[in-house]
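Take this structure, written in structure tokens, and hold onto it; I'll ask about it next.
Naming follows writing order (A, B and C), and every chain is counted from residue 1.
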Amino acid sequence: MSSLIKKTAAELGELIAAGQTSALEVTREHLDQISKVDGRVHAFLHVDVEGALAAAKAVDARRAAGEKLGPLAGVPIAVKDVVTTKGLPTTAGSKILEGWVPPYDATLVERLKDAGTVILGKTNMDEFAMGSSTEYSAYGPTFNPWDLTRIPGGSGGGSSAALAAYEAPLSIGTDTGGSIRQPGAVTGTVGAKPTYGGTSRYGLIAFSSSLDTPGPCARTVLDAALLHEVIAGHDPRDSTSIPAPVSPVVAAARQGMSGDLTGVKLGLVKEFMSAEGAEPGVVAAFHAAVESLTKLGAEIVEISCPNFVYALPTYYLIAPSECSSNLARFDGVRYGLRVGDNGVNSLEEVMSLTREAGFGPEVKRRIMVGTYALSSGYYDAYYGQAQKVRTLITRDFQAAFEKVDALISPTTPFVAFQLGARTADPSSMYLADLYTIPSNLYGGPAISVPCGLSEGLPVGLQVMAPTLADDRMYRVAAALESTIGTLTPPEL
Amino acid sequence: MTYADIVERYEPVIGLETHVELGTRTKMFCSCPTEFGAEPNTQVCPVCLALPGALPVVNAVAIESTIKIGLALNCSIAEWCRFARKNYFYPDMPKNFQISQYDEPLCFDGYLDVEVDGRTVRIEIERVHMEEDTGKTMHIGGSTGRIQGATESLVDYNRAGIPLIEIVTKPVTGTGAMAPEVAKAYVAELRDVLRGLGVSDVRMEQGSLRCDVNTSLNKPGEEWGTRTETKNVNSLRSVERAVRSEIIRQSGILDDGGKITQETRHFHEDTGQTTSGRSKETATDYRYFPEPDLVPVTPAREWVEEIRAGLPEMPRVRRLRLREAWGLSEHDMQSVLNAGAVDLIEATIVAGASSEGARKWWMGELARRSNETGQELDALGITPQWVAELVSLTDAGKLNDKLARQVVEAGLNGEGTPGEIMAARKLEVVSDTGALLEAIDAAIAANPDVAEKIRGGNQGAAGVLIGAVMKTTGGQADAKTVRGLILEKLK
Amino acid sequence: MTAISREEVAHLARLARLAVTDEELDMFAGQLDVILQSVARVGEVAAEDIPPTSHSVPLTNVFRPDEPRPGLTRAAALAGAPDSAEDRFRVPRILDEEE
């Protein structure tokens, strides 16, 4: 294996900027790795060889012309297939968008291009980001590089698996209930969900508008912070984008790397620790990590967030409700699949046949749950009540952050499970997001960082911070990383 | 059964929902232009085509225009309101939901006073809210271009996303037989208000103002009846006809002991009748919920007051002011309004004419020509300045009535200003007394018996001699002057 | 909470424009029942006087200036369409009018 693909994005950026290697060389090595391993991992739905090489050459030309390059110029990146890329197929993991080529770039893709990153292609995901295992992709599952019989988490399994398989040093994920952090945890990589409104949703194919948050995936905390800085910041095309400066996440990550957490108060959420279903190995790895954090100088405090136990049902009302509306546009009229247009069927029939054929079972299930929760007569008891409980969960967070700087928990209750283990029972799959969902409901940032192994598989620790204090979680995560180190998956 | 009999036995309750396309430069939630009549699908973008990933952003001017409308309609302006999604599938609505407002409209609880037959009726406004228009669908393969019988349809999304304001009245009761006229007067008044605000071009024929009319009947003293909602009522005349025909239709059913079905009905301009559309029982459950892609709207009170202070005079207030100033009866003012002459007369007065003079020409010769040719008064090619000049020439005695009519005729033919026409056609009152006396002497000589009658005190007989003098002078004498000279001579 | 019937699932599928099969009706009726019963737990929370959260960002009055900007060319707009004719998106016959 070549040395370049094992380097961090920060290192690659420095080497390219210093002319010690070229963007083209770096890109070629990653493309080689993709062709070598992706047949087994299936992290990618689409690899843009020509586009990547062209982008890399452009960066090299800029350097040759004497231009000073940014920290990630020439660094390859993989983008979750739920984000629009002009001229590159974008499917959201669904048959209903098979072959669709967006005529526009998402804001974050524009920013990636402006920063000189090299887009390698689009990564696999659960259809419309609904799932926790990437088994609900219409294009077949992604396999966890740690154990190819296991799931890579979801919905952004492709983005995290690509990192663990050294196919890319950076990737973009989107997190609605944990879809960046949970795959990060089970693939032994880093995944950060920024503050809602801190990264633009323009061009992110909506699942649940009030929860969806694009964010960075990487193998190190510093790399995640570097990518965070590139994609974050106000976007006038997204009305929910926050018009405030991005917190100094890169500086915070560097500060954390020094390994000092003196004066930092971290809260353990009592209701999480007593929740059923967490695997003993996960709990053990987490407690060992808490021990490490204490050694770094952090103070650990137990905190009660009584409404966190309602986060899962609240989420599984809000997200399906919004998705039932967001996915209405996939009707076979303006783009995507059309089924049953035989000259006899009416438009109504064609729409219904198209959606029936184009959506997988999990998507249909959620559309129907959401349709139910919003319908007159049920709204108040379901969607309306969920919004009120969301307020209470937010208040729990706000109260907790009066007492502590950040909250910590395991990222997910279990390590990567076997493919097929949870698809038969949808609600058992939903448990994967038990610890990640509260931050989405609250809107604050949260990051998953590797904290050890259980049965030879990665375990992630989650750091949750107050709204707009994204820097805080980077500091804690980087400190933990400095003492535990990054995890190295087996050779593929 | 006559209409009069029906409204003796039933009390109509009406309600109006009016959709107005705002005249903003761009759409409600994206920066696409809104020009009418552009080539299909040339004013579209990822947002208004509902491409995956695209997000709406609210047009600031649309908010301001809506507040203007709300204030003009005496509404309260919400301190905090949101957009909501109205979910239903339809191909001309790209997202398959409409961004609208639901239980939190921007403007609410207002009223608009309208005049019908000298009576003022207060129409209470329930709400004024913002939403977005749909695309346009062309139906192919049917005989009529309608949806029925078509084999396929073609959709143009240029109109999709144009800001639409929905103005909803509270139920209007107690108008009895006048209900159809009240409905029409309300829409006419609303149109004038919106035009005055400059927020929309309010052209019913282009669909920038569209009406749905709710109608129900009940026996006096009883509960309100089941209402129907008549769609596509797209001219003032149709509003009146639709209400009347629905009153007649519903009374027929009730008289036969039948029940009114709550349903949507369609109005047909050709027959003046309504036909059944979708019944409300099968109506979609719209599953409204707050639009998560947009944040709340909280207009600052200072901004609202600033907008209020900048509102133009309301048409009704202006009408009352002008009626008073011009000294007109209710009836005469109504004629001026019906002729669409208010602005023209006012401008003519501003240009220097007396109000009588201005009104005389606009409501006389010019209105007659407008009626004959079907052209609007302001499309005749005659300006207020032109009329003001004409009035000053007649007031100065340089033109008499007959000559002035000739000048108007020539003006309508585009022969220039009154002064130019007089010069070119040599039209001027003869004021040379010598010439007039000569003509008078000749007339007396030719009609000795008439002259005798006048000398005997019958002044009414002077008309014959005046006529003769006018004839010899080719009409260019001032009749009043001639009469005075004759009476003086035959004293 | 009452169990969700096959008919209710069929109604939801109609509202959502999903031409579900008979087998799916049976499957979804069972699964939706489980899911809805578990999410109904939000009803345990006494939240009558609690204001609902529809947005987690405390933003208001986000507007854009009324200035036209170029959108898509017609070719780009129609490029993804399953079918088009006469510069418009073509759809099969429409059954009934809705508002």
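For the reader, a short list of remarks on this structure follows.
Keep in mind that, in the parts below, a residue touches a chain if its C-beta (ideal position, glycine included) is under 8 Å from a C-beta of that chain, and two chains touch if they have at least 3 such contacts.
On a predicted model such as this, the values are computed, not experimentally measured, just so you know.
Of the two chain pairs considered here, A-C and A-B, the higher C-beta contact count falls to A-C. The chain with its Cα centroid farthest from the Cα centroid of chain C is B. Averaging Cα coordinates per chain places chain B and chain C 41 Å apart. For the pair chain A and chain C, the distance between mean C-alpha positions equals 23 Å. Centroid to centroid, with C-alpha atoms defining each point, chain A and chain B lie 58 Å apart. For chain A, residues that reach two or more other chains under the stated contact definition are 100, 103-104, 210, 236, 239-240, 324, 328, 331, 333-335, 343, 347-348, 351, 371, 375. In chain C, the positions touching at least two other chains are 15, 17, 54-55, 57, 59, 62, 64, 72, 77, 80, 89, 91-94. Each of the following residues of chain B touches two or more other chains: 46, 49, 51, 57-58, 89, 91, 151, 153, 155, 285, 287, 289, 292, 294-295. Remark: chain A residues 100-101, 103-104, 196-197, 210, 236, 239-240, 242-243, 307, 310, 313-314, 316-317, 324, 328, 331-338, 341, 343, 345-353, 355-356, 359, 361, 364-365, 367-369, 371-373, 375, 381-382, 384-392, 394, 426-427, 441-443, 467 touch chain C in the complex. Chain B meets chain C in the complex at residues 24-26, 30-33, 39-46, 48-49, 51, 57-63, 80, 82, 88-91, 137-139, 141, 147, 150-157, 231, 264, 277-278, 284-285, 287, 289-290, 292, 294-299. Contacts from chain A toward chain B in the complex involve residues 83-84, 90, 92, 97, 100, 102-104, 106, 201-206, 208-210, 236-240, 321-322, 324-325, 328-331, 333-335, 343, 347-348, 351, 371, 374-376, 379, 383. Chain B makes touch with chain A in their complex at residues 46, 49-58, 85, 87, 89, 91, 94-97, 151, 153, 155, 285, 287-289, 292-295. Put simply, chain C touches chain B in their complex at residues 15, 17, 54-55, 57, 59-69, 71-74, 77-78, 80, 85-94, 96-99.
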